[in-house]
Amino acid sequence: MSAIPADPNVTAVSATPRTETNYLNADWSIKSWLLTGDHKRIAILYLVSVSFFFFLGSIAAGLIRYELTAPAGFILESETYNKVFSAHGIIMVFLFLIVAIPAILGNFLLPLMIGARDMAFPRLNLLSWYLFMIGGACIMGGMINGGVDSGWTFYVPYSSMYANSNVTMVLTGIFIAGFSSITTGINFIVTTHKMRAPGMTWFRLPLMVWALYATGVVIILGTPVVAVTLLCIIFERVFHLPIFSAELGGDPVLFQHLFWFYSHPAVYIMILPAFGVQSELIANFARKRVFGYHLIAFSSLAIAGLGFLVWGHHMFISSESMYQGVVFSLISFLVAIPSAIKVFNWTATLYKGNIRLQTPMIYALGFIGLFTIGGLTGLFLGCLGTDVHLTNTYFIVAHFHYVMVGGAVTAFLGGLHYWWPKMTGRLYPESIAKWNAVLVFIGFNLTFFPQFIVGFMGMPRRYHYYYFAPEFQPYHIMSTLGSSVLALSFIIPGLYLTRSLSKGAKASANPWGAHGLEWETSSPPPTSNFDQIPVVLDEVYDFDPVTEHEQDKAAQALEVPSYLSNEAKSAESEKEKR
Amino acid sequence: MAAIASDHGHGHGHDEALHHQFENMEQQNDSYIVGMWTFLVTEVMFFGALFLIYTLYRSMYQMDWYLAHEALNVQMGMVNTFVLLFSSFTVAMAVRYAQLQKKWGVLSMLAITQVCAGAFMVVKYFEYQEKFGHHLYPGPGFGSHPEYLHGATPNFAQLYFGLYFGMTGLHGLHVLVGMIVIGYLMAKWWRNSPMVTKDYIPTELVGLYWHFVDLVWIFLFPLMYLMPKP
Amino acid sequence: MFSNFPATPPQASSFSREHDLIFYALLALTIIFTVMVGIGVIYFVIKYKRGSDADRSRPIYEDARLETAWSVIPLILALIMFYFGTKLFITMRVPPADAQEIFVIGKQWMWHVQHSNGVRENNTLHVPAGKPFKLTMISQDVIHAFYIPAFRAQMHVVPGRYTTMWFTPTQPGKYHLFCSMYCGTQHSEMGGTVVVMEPREWANWIENGGQSQASLTLEQSGERLYKQLACNNCHGAEDNMRAPSLYGIWGKKRTLTGGRTAIADQSYLRESILRPHNKITNGYSNTMPVYDGQINEEDVLKLMAYIKVIGSSVGGPSSSGTDTAAAVLNKTKGTMSPFAANAIQYQNSSMRRVDSTPTTRSGELAVNAIAAQQEAKGN
Amino acid sequence: MASTPLSSDSKHGGHSHVQPVWLLFGNMLWLMILLMVTWWASTFDFGNVVINNVVAMLIATIKAVFVIWIFMGVMHASKLAKIWVVAGFGFLFLMFGILGDYATRQFEPVSGWETNVPNGGASSFPRQWPPQKKPEQVGENFRPRG
């Protein structure tokens, strides 16, 4: 995209002096951080808080896995086990997955990628973070005060009438966190429509922006429905207004309808930004324009649209009428097509590219593999015949972990590594990160593949004991083994990324030589992003593989390894010269 | 692509009301309007789910809900609807005066709107008082005076009143929030703060919110109070 | 090594084979697509690694043919899988007319199973191989789910309405029974075993009333409860001033106050027992006491079974198994319970067909035999 | 779609269209008349109950359209705002697809499902709040406690 093709191996030593003010060191006071309107600072605030909640959720996950290695459990009573898996579900869904990529990478990158100074409503953006923290505090307050044991789905007769753990506190927390998600959605939609730089037409937008726009639309149309449904449970528990109670003729299945009407689009809120990150990584590390740009952009919107028509496939056996089941199964199969198109397009992008196997690219390639398995196992659950046997078993647990951890978390890590130099102005250690990416892939598969098998054998979800079915134990032992490897592979990036904040090499404006408006400004960018609003003159990702290839050959001829490590070497050589 | 950033947009004089992230007033105004409408779409979905629950249960228990709805006082409902329609008109006038930057016009219209909103809440208070008196609030004591149920089966009538208190209560809460926001807006106009005098958008946004609250009542009133005989 | 390391659930019902066919077809599809994408990615990464000299001229960015190909082909495969899945789903959801009915009541953390000839079980289910069984299920508190992995059958058990599930066990043996919908503290302990027996073995088992103490058939205990609750004070043989007669109302259309009409099926009877004020028969007032909260679901089932049998010689149109066995209670002098007779006759039939056509019942109900035996044992 | 907000030569100042008083007042009067029509429609019986409901909702929708078009100023708002209004309310009907399940329930082939009243009745368990009940420890799956 840059008029002067940035030569990746000759690092453009930025003319401006190294210690110019940027959004990080502009003002060190706490007040400037807590009352900031700057979308980049809000993204950093989100990064810190979301990572904290991810850590808590992972502890709960570790506890579950450890508890399930023995058929009759180790240290937990059933009551506590139910609270632990509910905590894992609620924290991971409402405080990590729905928030992570949109609020951290989305908030940071959207204005940069479309050439705007900030989000359309900066103060609303800050309100979104405060609502998230208040919601998170309420949820964690509920957890500490005794936890909630109704699972993250809060099915009605149990959550409204028979659960005597503090469901009300956690539901108010989720209700408030929902509004944080709505305000982020409003910001995304209005910024994409109204704040694009001159020349940035809709088809010159990076695919990350398309994905964030589609996510914003899904958030706006879905979140209020679950907000009011959970509010009805709060009404029922606190004010005794019977809305879903079966005793008085209400219908518990109606709650499931309203809940899943949001919660299926919610899984698209989680995965669509991951598609956006994925398109960026594949395009910039294969140094080639994405194959079928228009198709990928429209398939994001197609997923956002069709996502609202398929909620019934969560309820095939919950006394939903047979005809409704058939209709939902058909539409669920149709919604799988856009995801399949995306995967094939990414694979085709690699054809005739100049592929660099750096850490973000390894995460991206891992994403393609894991998301393909995750997506295709979804077909088992969309197909009516097999869903009757597989629903509510560990097969479903494995499916949505393949899509959520294999998809959303892998893309989140890939995106975090890719934009880390831009966010913090520091480079992370490439070799450790690369091997850790492989470790994530291995640990993940070892954890969740056995769960497919134990699910097919019929172990139901949310089971604490299985001493009456000892044949499940070998798979659970394998899964716990894998989960320890996975836990390790999530801790390592936490360590070397925080270490890179102080000890990492300084990053230039464009360490990857990538194309994109966000790489035009310095890293970390100044508070108002661009000195002047850039004018976009040409297409997105306009690499030319042949010229790229010649540059690679030239770089290799000079025996100067042209990618990253060269960055550190040139920095030292520059110091010696001075 | 962006190397030669043309210095185009900064020729004309800066409006004081222009926020730093926008390039010109037209972009800013349009952004706020579209942003507010996006928020109103979420509110539509918010109340939409409740209307869906209402539609389902009413189709399931038509006769009992028709009998239970006779406990509602239609005259009070009509008064409330007139009050809200009139307040919608006064808010629209307030927005008009804001565009013409006439301070006292805005303040007077907003004052009338506050009075109307207050009247709405008072009428609602009396309605609720009457229902509590007749033991029509769902819960253990529901329906202890069956004559107020007009022959409806207690279980399904409890569903009706559960939804009645839920939906009108939530709508009342939105009216309350509207009164607070209009109060804040009047304080800003009273103190001639440039935020509202130079830029009519904040007043228009409050107007949009208030019209939405009136919109919900336009649907709530016939569904709750004026049920046709099944 | 793999004997006690199974990777697939046993195939023990008529659905299992067809279900596993679809499952393995989908598995094959998944493996093909994953391998295809995997090889594609690895090949491209190796061939077009940075600096590797491969022909990169004329890169393709848009290729309508290719894109339509990988949109249409997955669509066709998806529709094929949808077709087979739906066919199996419909067979799973429509029980055959001759299926014998079993009532299941899900209660927080245990299953009550009630065979229609009165045999009661907790957390276990004994069924003969080869006969279709229809389970009519209801929950007394929260949503549970009756799940038998070996039969590939699963259905939610919802409070407030009957849900139905059916299967035809084929392979004798002991299989797991789980509650697969989260229902509270001991959700993981709310299960047991499904014992599929040889028909003859099952006939003996049902004959001596299984292990539990079911001395009376459903209809008999219903009759006793009917008298105990003094229903017959008002509901006599004919309509009288106080209450309509219940003789022969099963399956008939009832006219209610306010011009509404309803067919007297299971839901109607249950509704009218628990909350009579909801559906008052035309010409009567709301005088019947409310039994909602006084009696539990089993009593409702007993009363309902008895009301079906009062006065009607032949069962009504609805397809539940017990209806065809209806006989006015006080006339019968049967020798063997119909189930046992039917099961043994099935055993002798030459070819063991999975969906054997039901033998018409002689209409005799051998309850007295069991009752007599019980009294003999009792005193 | 080549136009972007900045490059299009927007008229400066961006003062939106000021609505005349007679339009606002007339709109209010018209809405009050419609209110009376709604009240009359509820008392008047149009044949069967479905038509009554449809008429009531039709009048309410007309009132809603007038409030949105004139009072909320969508008449002279940008094209995008108009799309948002239509999309928002249109999406509501998509959600009413949930009722499709209840509509198709009575065609289920299994007896004991829905009679003409979709939800036959309610569970017979007495409603206690907050629920205090000790489950019976019976059945072979129970793990002997401590």
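List of remarks:
A, B, C and D are the chain letters, set down in written order, and residue numbers restart from 1 in every chain.
Convention: a contact is a pair of C-beta atoms (placed from the backbone, for glycine too) under 8 Å apart; a residue touches a chain by one contact, two chains touch by 3 or more.
Quick caveat: nothing in here was measured; it's all calculated off a predicted structure.
When the interfaces A-B and A-C are ranked by how many C-beta pairs touch across them, A-C comes first. Ranked by how far their CA centres sit from the centre of chain A, the chains are topped by C. Inter-chain spacing, taken between the CA centroids of chain A and chain B, is 35 Å.
Centre-to-centre separation between chain A and chain C, using Cα means, comes to 41 Å. Distance from the chain A centre to the chain D centre is 32 Å, each centre being the mean of its Cα atoms. Look at where the CA atoms of chain B average out and do the same for chain D: the two points lie 15 Å apart. Residues of chain C in contact with at least two other chains: 93-94, 108, 141, 159-161, 186, 189, 191, 260, 275, 278. Counting partners per residue, chain A has 161-162, 193-195, 197-198, 221, 225, 240, 246-249, 251, 253-254, 258, 322, 465, 468, 533 as the residues that reach two or more other chains. Residue positions of chain D touching 2 or more other chains: 5-6, 80, 91, 95, 98, 102, 109, 117, 119, 121-123, 125, 127, 129, 141, 143.
Partner chain B is touched in their complex by these residues of chain D: 5-6, 10-16, 18-19, 21, 24-25, 27-28, 31-32, 35, 38-39, 41-42, 45-46, 49, 52-53, 56-57, 59-60, 63-64, 67-68, 70-73, 77-78, 80-81, 84-85, 87-89, 91-92, 95-96, 98-99, 102, 117-119, 122, 129. On chain B, the positions that touch chain D within their shared complex are 9, 12, 15, 23-30, 33-34, 37-38, 40-41, 44-45, 48-49, 52, 55-56, 59-62, 74, 78, 81-82, 85-86, 88-89, 91-93, 95-96, 99-100, 140, 155, 200, 204, 207-208, 211-212, 214-215, 218-219, 221-223, 226-230.
Chain A makes touch with chain C in their complex at residues 78-79, 82, 149-151, 153, 155-158, 161-163, 246-247, 249, 251-253, 286-295, 316-319, 322, 325-326, 329-330, 333-334, 336-337, 340-341, 343-345, 347-348, 350-357, 365, 368-369, 372-373, 376-377, 379-380, 383-389, 391-393, 453, 456-458, 460-466, 468-469, 471, 474, 545-546, 548-549, 552-553, 555-556, 562-563. Residues of chain B that touch chain A in their complex: 1-9, 20-23, 27, 30-31, 34-35, 38-39, 41-43, 45-50, 52-53, 56-57, 60-61, 138-140, 155-156, 158-159, 162-163, 165-166, 170. Against chain B, the residues of chain C that register as touching in their complex are 258, 260, 275, 277-278.
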